[in-house]
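The two complexes that follow have chain A in common; it is paired with chain B in the first and with chain C in the second.
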Partner chain A sequence: MTQLSTSRPKVLGVKAQRAKFMQSLTPYGFVAPVSALILVLMIIPIAIVIGYSTLDNVIMTPESRFVGLDNYVTILTDGTFYIAARNSLVFTLGSVTAHFVLGLAFATLLNTRLLSPFVKTIFRAIFILPWLFTVAIIAVLWRMLLNPNGIINYLLVSSGIVDVGVEWLSSRSTALLAVTVINIWAGYPFFMVSLLAGLQGIPRDLYEAATVDGASAWQQFWHVTLPQLRPIIISMMILDMIWTSQQFALIWLTTGGGPINATEMLPTYTYKLAFSTYEFGLASASAVIILLLSMVLAFFYVRHQKVKD
Partner chain B sequence: MAQTRKARERVSKIWTIVGLVAGTVFAAFPVFWMLSSSFKKNSEIFAYPPQIVTEGFSLDAYLVILTDPVKLRFFGNSYLVALSVTALTLIVAVLAAYAFSRYEFKGGKGLNLVILSVQAVPPITLLIPFFALMVTLRLYNTYQGLILTYMVFTLPYAIIMMTAYFNTLPKELDEAAKIDGAGPMKVLTRVLVPISVPGMVSVGTYTFMIAWNEYLFALTLTRTEDMRTVPIGIQLLMGQHSYEWNEMMAMSILGSLPVLLLFLFFQRYFIGGLTSGSLKS
Partner chain C sequence: MKKHALRAKGRLALLSSVAVMFAAAGCAPAAETDASTDADAGSAGVEEVVLEFAQWWEPELPEGSLRALMDEFEAANPGIKVELLSGPYSTTKEQVVAGAATGTMSDVVGLDGAWVSDFVKQGSLANISTLMESSSYDQAQLASQIQIDGSTYMIPVLNFIYPLYTNDDLLASAGIDAAPTNRTEFRAAAEAVTGEGVSGWALPLSLEAPNGIQNDVMSWVWASGGSMLKDGQPDLTNPEVRSAIEYIKGIWDDGSIAPGSFTMKEQDKLEEFTNGRAAMIVSSLSHINLIRESNPDLNFSISAMPSIDGYSGKRGIPYASWGIGVAENSDHKEEAWKLVSFLMSESTNAKLSSIANAFPGNTTAVPDFIEGDELFGKAFEIYQSGFPANEFVGLPVAEQLMRLFDEQLQLFLEGDITLDEMLNASQEAWVAEF
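Our next item is the complex of A and B:
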């Protein structure tokens, strides 16, 4: 009897412990689907691509040979790789800078107190337009606009800026500029929307205090607006750098990386290695290098987010 | 003094209007030209001088697209894939966001960090292993393959946004339901989900848009014409015989309609989601 009575609470304790244990498992049940997907579609693929990058003749033949870092050496000594890297850098920095400047200009316009909210909503919808079109459509549209006989050349010729229509996308000297301009058009709304939210979040009294101190509109912009927007600007710039440097479809559908490498970027370079020349080992090495570059940017992004919190 | 202030205000008003007009031309003219070209005959596309509205206004280009079973199939494929991705992403993201928002658990922070950094993995890095994986799993050139692939790109954002949304809902709601004897799943489906519709709408529209617009994987993981989606279909139009610009523009308009309509109806959610997801993670 005594034994029973002493063991009873013990049994209950085990039960309670088990219930508690089961309860502590609940969150794992909820994150199980996403964890499985990330494992199968992210961790394993990254392991595979790293594996492939050390193999020769991978995918194309059943027997592939381990070649260590040879593929990396081949890529890093390939002149085209550096051309692609340089173009990616120019394209990315040009796009991100212009996205920021245009985004801020448009956001400031939309934040004005001179217009009624309804009119502002209409202009916001207009300014956001480019962002609503997919890259494949943007590419086709701009090929028509930039056609030697297209509307843009017509406007430039008839206003006397150029003498004859320019082959924007098929001339070596203008192709990189042309794809960058297209990408600028396609991407600024994302900056605009975020900066507009940021502008609306700046407390009014900061401006009132600045006005009392006799600050001009420009001084207010420089000493109040920009510092207040700084965290948003930095996050947006890093994110945009990550996205822009990975842009594939726009390049592929406008110039295909040409003419003669003039717009070759790291993603198109890698894609061609894999699916045009079937050098999957080399392409994997190139893909891993791109991954490392992106991870550096991601590191700064995550660190910035942490500092902000 | 009052005079100069008034004058200054007038000047700034003029500049604002100039800016708005310039911005409108920059943002909307290409879109307007796409629309106008879709109503032209192909021979009029590069007419000299260019014509805004042509005498030959016609809906022929649209008729060609809408009566061609091959092109209709592109649209069907895109809708099927994008809607499936949206539904599945919402389910998985809501479950995960519930855990992140309501539980402290070992590894939770780490998993969150993984999800955050997954966003930065370049698609091109995943392309080659996905190609190999889909061939091995016999998912190459199937809807399932594309749907699974797109979820990798939609989930991180969806989870971050949903978690942020759940965090804004008071925990007292859950507690009340728990006292009434509801389990965690019931709390989620009966209490949180019904009041999270705005958050789910913005996650859903964003997800749909990513899936509808995707190009690289649609290009690489499908092979036959009957599996192609709209972005690839437009590209295929470019390759065929001569360039039928008016048809390409008509298909572009039709291909943009779903996203444009989503935007029109859900503008507020759309923009709200856009800003909260990237900034509050």
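Our next item is the complex of A and C:
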């Protein structure tokens, strides 16, 4: 009895300790699969690219030499890099602003109670169409539309707006505008869908109260709708800025960064370094710079999400 | 119950995390397994050698035709099997670049001349000269070899020439009966046909695919016996290049070049011609059938690239090649060379060129398509009366050189810089890449 009374607590103690230990591991177990994936799919590739950016060249050379920050200096003293950065900024700000304005306008139209649900469904399907096309299809479609002999020039010339067809994608004065318009067309539905969901979630009581207070339609929009949509708008704009600043395929398939460097963006600039000149060290440095710029935006996004929580 | 459930959950989570880590790490062991299978086969005394042949040719040839040639090779060489790794041109390029970087390049690879210099620098291509010497191969039968520092690294298996295509109806409507043979005639013809919705010449200068510089711009230099190189180094300020660029600027100023030139790609150029919006283009011979299929009513012919007035020498004809090389990392170089020499043999090369509508890399091979078709017959005449000319083949970062020249040419055509500035800037940019 005495033995039992002394040994049982010991056995129980070991078991309890093991259970406690296992229990303390549980949270790590839950995050481990995601951590492993993040490590393999993100941390390691990013670390490799950062490592490459400090070597004279990689992949194309049997032996690489450590050059420190030389690649960054080369990139940051290259005039084309700044042209690409400026174009990226214009392209991104233009696209995001227009995405927001168009998205909000179409979402407001689709949220109206003046149209029947059937009509709204048809319009919703039409408005969302651009989002369903892949970038390659969008590029081919718009190349045909904006071709000097394409339908847009035909309409402009036949209606007397211009005398001769405009070389939209081939002229330095219009190419950046043209690719921005294409990107706006391709991306506004994402804003529209998100804002429509936001609009549908605004309580009707707020509008009723505003009406009772004598607020006009514009005042209701300005003081009720916009403040209610604010969290969605900020999140969407930051995300859209990150995505648009990294747009590569659309630019590459429509203009290739030209004419000359009128539509050169940071991603096309980096791509050319890697796959045209095979300067993978420089390309990695350029990619790291883009990563840092994107991280600034990501920081604001995360901070905004935290504040929201 | 709660504790049991929690414990079970904990174990499950740990197990799943371990499983994911193994799955994630599984890529490497999988590759090793493949490699060891080959090794095991060898150690077990199995004589069979499996050659990997990466190329973009199979998708561009009639279905099963390249495989049929490989079957012939396998029948003639017992113990050697060929595994075709086929994909589109761009994918093949990426595959070869990645393979070259990681030392996993296929034993035999389809090559574009523009890639060779970079791969040789990287040390990923085997020296074919050594392989030819060790097998006492008769090199005289090869139409051309791509050499770096005196050693061959690529052999052009097929050559696709780029003749001048002319829309005969458009030329006739402008009172021109025959295709232009010199620069004056070409410029006059281009100006004469240019009008409502029609341009004399389509010049693709897209920066995404800048091969228009090779096929549509430098071809003017080569057609008159000129060169853009001197002793293997850039020589863009020489009179021949200068005269060709000045000439193109003249046509540009005449307004005879199809609009949209700065973003026009090869397929756009072809479309302009096929739809009757451009009267003349320089394009690959392989496009004849495509044009015929797309617009059966189009009345067109092909001729040699116009030269400078009064030129009587042999004309350089721009061409693109389906080249072949052997990987330096291959454990079966001897067998790989057997496959290369099989493809370059008179009968196989003739068969391959017949099914690809291209000209053979073996000088003694005669494709059968030239006899049954007037245009292909004419193309063969052009090929035999001139010489294949493509100075970009074998140059370092060839595509980038074209792009650098293209940027300066666009500035010159826009009138932003003078001809001297354009040529000097291009020369400087090229020298930096050599």
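Everything that follows uses one rule, which is that the second predicted complex is superposed on the first by the 294 of 309 C-alpha atoms of A that agree within 3 Å, B and C clash if a C-alpha of one lies under 4 Å from a C-alpha of the other, contacts with A are read in each partner's own complex, and residues count from 1 in each chain.
The criterion applied here is as follows: a contact is a pair of C-beta atoms (placed from the backbone, for glycine too) under 8 Å apart; a residue touches a chain by one contact, two chains touch by 3 or more.
Note that the coordinates shown come from a computational prediction; the quantities given were computed from them, not determined experimentally.
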item	value
Touching partner for A:70 - first (chain B), second (chain C), both, neither	neither
Touching partner for A:78 - first (chain B), second (chain C), both, neither	neither
Chain B versus chain C as contact partner of A:253, first or second or both or neither	both
Chain B versus chain C as contact partner of A:190, first or second or both or neither	first
First, second, both or neither for A:271, with chain B first and chain C second	first
First (chain B), second (chain C), both or neither touched by A:261	second
Partner chain in contact with A:62 - chain B first, chain C second, else both or neither	second
Contacts of A:142 with chain B and chain C, given as first, second, both or neither	first
Chain touching more of chain A, residue-wise (chain B, chain C)	B
Touched partner set for A:26, first chain B, second chain C, both or neither	both
Common ground on chain A, meaning residues reached by chain C in one complex and by chain B in the other	26, 30, 33, 35, 37, 59, 143, 147, 149, 252-253, 275
Footprint of chain B on chain A - complex, ascending	24, 26-28, 30-31, 33-35, 37-38, 41-42, 44-46, 48-49, 52, 59, 105-106, 109, 112, 114-115, 121, 123-130, 132-137, 140-145, 147, 149-151, 154, 158, 185, 189-190, 193-194, 197, 217, 232, 235-236, 239, 242, 245-246, 248-249, 252-253, 266-267, 270-271, 274-275, 280, 283-284, 287-288, 290-291, 294-295, 297-298, 301-302, 305
Chain B - residues contacting chain A, complex	12-13, 16, 19-20, 23-24, 26-28, 30-31, 33-34, 37, 45-46, 48-50, 91-93, 95-96, 98-100, 102-103, 105, 108, 111, 113-133, 148-149, 151-152, 155, 159, 184, 212-213, 215-216, 220, 230-232, 234-235, 238, 245, 248-249, 252, 255-256, 259-260, 263, 267, 271, 274-275, 278-279, 281
Of chain A, residues touching chain C in the complex	19, 22-23, 25-26, 29-30, 32-33, 35-37, 40, 59-62, 143, 147-149, 165, 167, 169-172, 175, 252-261, 272, 275-278
Residue ranges of chain C in contact with chain A within the complex	3, 6-7, 9-14, 16-18, 20-21, 24-25, 97, 101, 118, 121-123, 197, 206-209, 258-264, 268, 277, 397, 399-400, 403, 406-407, 410-411, 414, 433
